[in-house]
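What follows is chain A paired twice: with chain B in the first complex and chain C in the second.
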Partner chain A sequence: MTRKQRVLGWLVILFPFVVFFISLSVGVVRIPLGDVFKALLSPVFPAMKEGLPENVLGIVLGVRLPRLLLAFLAGAGLSVSGASLQALSRNPLVNEYILGISSGAAFGASLSIVIFRQSFPPQVSAFLFAVVAVVIVLAISRKSDSPIVSLLLTGIIVSAFFSALLSLVEFFASPYALQGLFYWLMGNLGWPGWGALSISLPLMAAGTAGLILMRWRMNVLSMSDEEARALGVNLGREKLIVVILATLVTSAVTSVAGIIGWVGLIVPHLVRMMAGVDNRRVVPLSAALGAGYLILADDLARGLAASFEIPVGIFTSLIGIPFFILLLRKSKRIWL
Partner chain B sequence: MSLWVKDLRFDYRSFSLRVRDLRIEEARLTAIVGPNGAGKTTLLKCLCALLPVAKDSLFLGRRDIALLSAEERARLIAYVPQEHGSAFNYAVQDFVLMGRAAYIPLLSTPAAADVEIALEALAYVGLRRYASRPYFELSSGERRLVLIARALAQKSDILVLDEPTTFLDPKHETELMDLVRRLAVEKKKTVLLTLHNLDMAVKHADAIVFMKNGGVVAAGAPDDILDEALLESVYEIKMSILRHEGRRFIVK
Partner chain C sequence: MRSFASLWMTLRRALVLAFISGAFFAATAPSVASSPAQAGPSPALTVKDDLGRTVAVPAAVKRIVSLQAEITRLVVALGAGGELAGIDYTMRRHDHLFKYIYPDEARLPVVSMAENNVNLETLVSLKPDIIFASPFEKQIVEAIQRKTKIPVVALASLGDTAKLADELKLVGRILARERRAEELAAYFSGGLGRVRDRLKDVPAGRKPRVYMSFWGSLTRTPIRYDPVAIAGGLNLAEKAVPDVLGSAGTTVNVERIIAWNPDVILVHGNYLPAERTVTVEGILGDSRFASLKAVKSRKVRYTFGFWNWWDMAEVLLETEYLAALFYPERFPAFDLGRRCDEIHKMFYGLDGGFAKLSAALGCDEWTHD
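Coming up: the complex of A and B.
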């Protein structure tokens, strides 16, 4: 590791925290950074509340803090899941979209929201169908002679299947529910309520932490199956752990924030360009960069138009797809 | 540690491997030779449990390989594949470090001691200076040495190599065989490899195993078993053994 890489690494780690703090002041109501600081400390030091405008506490702690926490953990989780799935499948193109996890989770969550009116927790429903989707994809592509091509193909097919099921749910939804569903599916971090967050945030945090702990193992898991086995890896078990953790994170994000695309693909790639391919660095740095990236994208989403919010998923795709095309042109050699 | 194939069967479509009572002695270099499709690679893969192995068929020392966990097995026997394919271009040192997987818990990262072992292994194969170079920037001969270094980092008593000299030029071929020979002599490792080049096998190996049609035809020290009749029955062409300055050369 060069000195430059090390410095860059620390900057990436700092990035989401700086962005997080600044973003607390950004929005329809602009709040000076000093007031943000006071509001943040006020639960611990009540004296800090003095002199703050009345609505500041409510906006910072009640509205923006939970939303930014969600953006932080969702961005970190999606990026770490992407990096992990890419290592596992030895394929830098893979993400939670391509493995069908997102569409499975979206269908599961919509089923719970529209049909069962949340009497069955959307997180659980999202996770169950995400698992079903990813298991189908992995089971079918495993038997093939060219696993990478078949992984991508099967992923597209299974995603399409769950998208069709999702359309079916939409068809039966009431117009009012449909509007909510549409807005949610586009991916947005608008206030899902503490009830949903209290389940989803710990799931995202736990899954992300688990994957970060396994960061070095990802190197070994990115070897061919035969090599990994010969190196003493219990392949079936370890791959299953990674897939379950990544699915857990993705479905937890999807159940509260809809489909936020491309984060899991772009962020790990950016990190690899900066810091090399060693997953000991790629995985944690992806977490940091992903957290900061999604917070920034969400700032755009809620700051660009003054009177309404644009779903953040639109931004992550609008930024992500051109970037992805650039990537395809630059690094053809890797997977063709 | 010695290796004992007590009674091994493996069937795949029309191919079937059957080896009974084959002993690979410890701290020796043993070469497996035979025509294409004889089952050499299949035998190696069975030995490393890369293919399913039944109980009571293979023993590492006194331990039944079918009863070992993946980690336990990897600490006893290391496998060197011919090539490595990955989408990620790891630094040579990180690559060799993966040899420590069997010693590092699932949620942990390599300690300084592991890095030390990896660098030592790299030094042993003479590539210490390439530690931070990307793996795919090396020549194919150097890559093969890196694969061996990774296996050395496993610190196993037994080392199994699948045709390590294929596609190497004569210089690298000789250097690699010298290295493998040193592993048996200096490091007291039980080295088992498959070879296509019969001359190499005769020159370097302490013992040769001749295979054909999924079975062992003959096994033992070259002096004891090598003759023209054996070669002809294994390879189905006429071969002569010439002697020159105390060495034997096989001529087709």
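Coming up: the complex of A and C.
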């Protein structure tokens, strides 16, 4: 690793934390960083509340903090999932949605929003159907002679199947439920409060941490199967663990924030361009860059217009795709 | 690969949503003129509908199919419910009061599914003289008329309650019930006029600032809501998006709601209690909103006026209710239960309207302080 790469790596690691803190002061209501600092410390030091405007505590602790934590962990989790699955499949176009996770989660959430309503929370339903989709993909693809190709093809098929089921639910949805469903599917970080996040954030954190801990194994998994076996790796078990962790992260994100596309594809590519292809660096740096990227995209989503909010999923696609095309044209190669 | 699909799905949904929202307010006012007959041997009316189409309708309408919930209710209010030959999916599934307003509704076959998907074979088999349709999409309306050879009139006030009285008169004329239409239009306009009169001297700076949580979402809000405006309230989201976009509503963030610090929060209540994803109790108990004036004064209430269409009786009732909520000192004698009964009796001949509304939607919260 060159000195330049090392410095760049540390900057990338610092990036989401700096953006996180600055973003706490960004929003409809202008809150100076000093007040943000006091509000953050006020649960531990109640004296800090003195002099703060009445709504600042509610905005910083009740609105911005959970939203930014969600953006941080969702961005990190989606990027790490994408990087891990790309390494696993040795395919640069694979991302966390290719295994049908997103379609399964979207269908599950739509069932909850449109049909079951209050009786079955969308978070739980999304998670269950994401797991169902991945189990189907794994069950069908594992007996193939070419497991990776089979995994990808089965993922596309299962994804299409759940997309069709989603369309069916949309077809029968009431006009009220349809509006909610449309916005949920566009991706939005602003809806869940602490209650919903108390389940989802630990799942995202656990899955992301698990994938980061497995980063060195991904170098082995990205070799040919023969080479990996020669190194004594239990391929089936290791790949299954990676897929399960990626499913855990993606379904936890999708269940509370809807479908946020392109993060898991673009961020790992950017990291590989900067830091090379060693997954020991790619995976943690993807986490850091993905966290910062989604926080910035969400800052735009909530700050671009004072009186309305554009779903962040639109921004991640609108920003990410042209940027990605530019980078591909410039680099003229696929990094993996 | 999935991301390309994801992008397409996102764009497709954005377009569909824009269409749904845009169609809500996009239509023009209907008009009517007597003209020589074009359909059948009897003299006909020539009607200009909300899509700007000129439609010749038969003079004697005996069988009606309504694919537009707003018009179905008007037909019943005009006393022509017995002439309904079929209703639409939305009415059957989502109008929780229709069974009280028109007890024979169970006999009516449903001729459409969600998203304006009409079963043409069922439609033709019912042999209607006229079809009332939603002006949401011109191609669908014209396709139905072309394929069935039955006149299709696309009507709906699309958010503009000022058009409701004209729409009622037009439907009354098509159904040869002009006197009943005039009577109801006068009752409706008179009721709204009395509210306006009592509030005409309220200075703009004293109007309560209102946020509305609609469509089952805390952050989705209508940018136009006539009952609030007529009742002397200020819809905080009124100018949230440019008029040229034609949107019915917009999405704000929670922080925006806190920054607005509304005096009153209205929650869309036209859901069965079990289906409500946003509730008055939920907002009152949400720590993020503890500092809001509306929460401190407990002026967080359900609203029932807007379904996915406007109903004249509910618009009038809600306008009076909101006026009394915003300005209790100017409407000291307002009695929600009594007015609910009176208005539903006038429009639908319904006795005990308030008790039935309360039972259907669990809306006794209306009377909470």
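Following the convention adopted for this analysis, the second predicted complex is superposed on the first by the 291 of 336 C-alpha atoms of A that agree within 3 Å, B and C clash if a C-alpha of one lies under 4 Å from a C-alpha of the other, contacts with A are read in each partner's own complex, and residues count from 1 in each chain.
One rule holds in what follows: a contact is a pair of C-beta atoms (placed from the backbone, for glycine too) under 8 Å apart; a residue touches a chain by one contact, two chains touch by 3 or more.
Keep in mind the model is a prediction, meaning the values are calculated, not measured.
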Overlay on chain A: chain C relative to chain B, clash or fit: fit
With the two complexes superposed on chain A, say which partner A:E227 touches: chain B (first), chain C (second), both, or neither. first
I'd like to know which partner A:G313 touches here: chain B for first, chain C for second, both or neither. second
Chain B or chain C: which reaches more residues on chain A? C
Contacts for A:M48 in the overlay, against chain B (first) and chain C (second): which applies, first, second, both or neither? neither
Vertex chain A, arms to chain B and chain C (CA centres, degrees, nearest 10): 150
Quick one: is A:A87 in contact with chain B, with chain C, with both, or with neither? Answer first, second, both or neither. first
With both complexes superposed on chain A, which partner does A:V277 reach: first (chain B), second (chain C), both or neither? first
Would you check which partner chain A:R215 touches, where first means chain B only, second means chain C only, and both and neither mean what they say? first
Where chain B and chain C come nearest after superposition, their Cα distance in Å: 17
Touching residues of chain A toward chain C in the complex: what are they? 27-29, 54-55, 58-59, 62-64, 93, 95, 97-98, 102-103, 113, 117-119, 155-156, 159, 163, 171-180, 182-183, 185-188, 190-191, 193, 259, 261-262, 265, 302, 306-311, 313-314, 317, 321
What residues of chain C sit close enough to touch chain A in their complex? 1-3, 5-7, 9-10, 13-14, 16-17, 20, 90, 93-94, 113-115, 117, 215-220, 237, 239-241, 249-256, 258-259, 261, 268, 270-271, 274-277, 286-291, 308
In the complex, the residues of chain B that touch chain A are 45, 48-50, 69-71, 73-75, 78-79, 81, 84-91, 94, 97-99, 101-102, 104, 106-110, 150, 154
Residue ranges of chain A in contact with chain B within the complex: 86-87, 90-92, 210, 213-217, 219-220, 222-224, 226-235, 238, 241, 276-278, 280, 334-335
